[in-house]
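Have a look at the structure below before the remarks.
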Amino acid sequence: MSDHDHPRAIGGKPFDPLMKTLLAIFGVSAVVMVYRFFTGVGPVSNMTDGFTWGIWEPVNVVVFTGIGAGAYGVALLCYLLNKGKYHVLVRPAVLLGAICYTLGASSIVIALGRYWNSYWLAVPTMWNLSSALLEVAVCVLSYVAVLWIEVLPSVLDGAAQSKSSAWSQLGRTWGPLLAKAMPYIIALAILLPTMHQSSLGGLLLIAGPKVHPLWHTALLPTLFLISCLSMGYGAVVVLTTILNLTWKAKHDQRLFAEMSKVNAGLLLLYVVLRLGDIAIHGKLAYLGFNGYTLLFVVEIALFLVPAFMFFSPRVQQNKGRLFGAALLTVAAGASYRVDTYLSVYRPAPGWDYFPSFGEIIVTIGMAAIGMAIFIFISRMFPVVVVETRDHSHAGSGRVLTAGSR
Amino acid sequence: MAELETEGVSRRGFLKVCSLAAGAVGLPAWAGEKMAEKAAGSAKPPVIWLHFQECTGCSESLLRTSAPDVAELILGLVSLDYHETLMVPSGYQAEKSLEESMEKNAGNYVLVVEGAIPTKDNGIYCRVGGHTAVETAKKVAAKAAAVISIGSCASWGGIPSADPNPTGAVGVDKVVTGKPVVNIPGCPANPYNLLGTVLQFATFGTLPALDGLGRPKFAYARTIHEDCPRRPHFDAGRFAQKYGDEGHREGYCLYKLGCKGPATHANCSLNHFVEMPGAWPVGIGHPCVGCTEQKIGFRVPLHDTVDVERPTAPGTYPPIHPDHSVITPAVVGASAAIVGALVGAGYVATKKITADSEKHAGKE
Amino acid sequence: MSISRRSLLKGAVVAGAATALVGRAEAREEVEPRPDAVGMLYDSTRCIGCRACVTRCKEANSLPYDRTAEGIHDAPTDLNSNTKNIIKVWTAGEKSAFTKQQCMHCVDPSCVSVCMMGALHKEGEGKRDFAGEKKGTGVVLYDKGTCVGCRYCQIACAFNVPKFEWFEAFPLIVKCELCRHRGDPKKEGPLAIANPACCEACPREAVVYGKREALLAEAKRRLAEDPKRYNGLIYGEKEGGGTQVLYLAGAGVTFKQLGMPELPEESSASFSERVSHAPYLHGITPIALYGAMAFVIRRNKSKEEASEHHGEGK
């Protein structure tokens, strides 16, 4: 690796209009969240005893962590399969993962009814090991810690280059030490998501009578694991493309094309497993002219279309098309997850659900603060690898609005 | 007994009365016999009855009770030493018999008070024999064994204390201290509730268990609603909507006309007045006015409805899968807009980056 | 690099195969009804819909009323945080049948399987030491001290029994605990654990309390004695691994019509644990995987550093 591939802090004004907007959105959602702590979950949400997780669990946790799985996917490629060229992506992906997982974990606290009892999670003798949610909770919490430790090198690098001598000393002492410990932390950073992402699918195994047969299968853990990887790779491409447009982040088309071929394999594997499972278990009879079939077809299409796009040279060579295909993979994973947890979940006749404004605002607010934290950290610390041949500072006006979903 | 029989009271009839009264207080039949024995003996409980701000309705309803009739009651069951409406003497003679009885039975007699006691302007709004109600009540109560407030006025002021309470009328227990006071509210109070209390005291020397408002639990523990003969109509949702409508004529529930039964504690629905079946407000088609409740009677407008104190299930059943729908169009629309915006933004961004990228490639 | 990758893949294949093999051998055993299990038997044909059980349940458990919009009736439409027991009616034309809903006290409950810290637990088998709880009656109890309010029990329960206090800042999960607080020490053996108010209130013994074995025998006796009266089945004998509350329904009425889910004989808990636990091999897989990955990553990293000549690892 050459010197110009090193990430650096973006700098710039911390409170630009985008940041202000994001913080304002979060502010509104924060009001809802605080209100919830005084009145209970009921008044701010449409959650009922039938749809008890609303959208906070399926979206804030299951989808957000799916997006955050980019850190997992890149770590898998970069460290385990030793593809050093993916190093460029590690820091943004890890930061994205750390933020997404933190948001997921904090959303859980908002949704938990008796959050003050969570301290028991720290006491292993209290664990009910047969609970899939326990595994998810413990793994996600540990993984959040691991991810932030993985973010630390950026911070320590930043510190080492700092003008303040104490700060710089801190960075120089701890940086190498951390580097030595990194392999063990990275191994954890691969093990934990493997466990909990499959368990996220495993959560619904027990809800057999309530989840539509086209979605309920013993393969749920496997399918969730695959879909988190596909979402993660997609999210990394999307993120880097946006960073490239806004801050001239290094954008290696060939690297993305290669990674996307891996992703295409995952997407196809998902479709094969899914269809095969349905066929083997004689569930094809559930397909017909109904809403479930429509959802199913849309879902499969969302997985298939980007898979084929990734193989096409036209897509591989064009930043925009690759971006679009990557967006589709994120949408595919997200729709699979939301469908399984929500759209095809039917507790009993008579129950229905649609999120309330309160719930939607909290979800959007969480996404907003996530973006704000990402921007803030990238500005302060060396996370993003910037193209060195063009030193002119990236204007954040026009392109930014296009990229800022 | 011989004495009583000369008054035209048969032994059987007398026993029946005592059993009824014992039953009303929640005592077994043997207690009735014991009451009869005691009352037939020489030691009839001496009773002094004072009237203050009232309409004499409570006395009137007592007089209209047929078992025991008035003669039985005042001559056979108790020794009524002073009662302004019923006694023969008047003026100084009457006051003298009050003094005498108080002297003779000091510490043994039962004081029954009918009517509220005005306290405003030193109690000048009610004077009997030159003494204010406050003075008389205090004086007579001081030597009484027990005090019974009959009617809502004596219990807590009743009608005289209704807004704006010009005379500062209060119940007896606000004036008399240091004595057990039993409240038997009602407008008028049901005579059996008084009789039962008096006889229990005379026979056993005890007072019945009281609730938080000083009312005997044997009569005031449950709500009218709980034992109401019209209750099935309530459970089935059949209500009279206005006086004289079909539902009213059919005997439907009077709740919507303002019946206070669901929040009023009294035994009216079980023990009708003067032994006449159906002789009580709900029985004649009028909603209960809540006269036995301090906070309802003469306080809450007649035709206002009240909260149901102990609600139970209605006459309809939920289906196996009840409706729990929460979806509202507004939020669905808003969400569609958000999802649409996300998809649109993704599409536009893709288009734009694709075009830019192609242009870039063209330049190189 | 390619070697490490190939060896890794090989390792993964071996691990996967081992998992599949051992996983099958290690599959979780089906939970059998405990010999001392207690429960209830509800006979829909005897129920007259008086709802004395609903009222008494509320009294016995000090539950708030569930007032109608007018406020004059206590009329819950379903089990909810104010209602642990409810009578519902099924009607189709002239035909109708009552049914009663409350916790089924499953033999192998989903809620207990999913509860993170054993807040919902079978009597005496929770994660904390519960004074006075004996083992073996199989009654599903709630320990608010370890409940985090995640509501996974609501997702998992096929009968939609656990309910949540949505409008409380400090909410609880509410469900029938078989009136454990009314336990009657004078009753013999395991029956002393509880004394359900609904059974006490029922004027027709449409719902009775007893040992599961005895209730099952009684249900069979009723079916044999008057086969024309019943639909011939006992719900809860096998459904979902069996429940400790058993149901009888009248002739021509299916349990599905009475709102009971159609469940396989394998309990959901057993299925879920079998599928998701198998790959873990009691924790061996994650540890082995971790060790292997740490080794590979460290080797890759030192190789990379060696090739770069100056240590610039991140």
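Letters A, B and C mark the chains in the order given here, with residues in each chain numbered from 1 onward.
In this section, a contact is a pair of C-beta atoms (placed from the backbone, for glycine too) under 8 Å apart; a residue touches a chain by one contact, two chains touch by 3 or more.
Bear in mind the structure is a predicted one, so any value in this text is a computation, not a measurement.
By C-beta pair count, the most extensively touching chains are A-C. Distances from each chain's CA mean to the overall CA mean are smallest for chain C. Rounded to a whole number, the gap between the C-alpha centres of chain B and chain C is 48 angstrom. Centres computed as Cα averages put chain A at a distance of 66 Å from chain B. Computed centre separation for the pair chain A/chain C is 32 angstrom, with centres defined by C-alpha atoms.
Contacts with at least two other chains are made by residues 78, 259 of chain C. For chain A, the set of residues that touch two or more other chains comprises 48-50, 348, 350. For chain B, the set of residues that touch two or more other chains comprises 321-324. The residues of chain A lying in touch with chain C in their complex are 1, 37-43, 47-50, 52-53, 79-82, 84, 87, 90-91, 108, 111-115, 117-118, 120-121, 125-128, 130-134, 137, 153, 179, 182-184, 186-188, 190-191, 194-195, 198-199, 202-210, 218, 221, 347-348, 350.
Residue ranges of chain A in contact with chain B, taken from their complex: 46, 48-50, 241, 245, 317-321, 323-324, 327, 331, 348-357, 360, 364, 402-403, 405. On chain B, the positions that touch chain C within their shared complex are 234-235, 255, 262, 307-308, 311-314, 316-324. Interface residues of chain C facing chain A in the complex, by the touch rule stated above, are 1, 4-5, 8, 78-81, 110, 113-118, 127-128, 144-152, 154-156, 158, 160, 163-173, 259, 261-263, 268-269, 271-273, 275-277, 286, 289-290, 293-294, 296-298, 300-301, 303-304, 308, 312-314. Remark: chain C residues 49, 51, 54-55, 65, 67-68, 71-78, 86-91, 98-99, 257-259 touch chain B in the complex.
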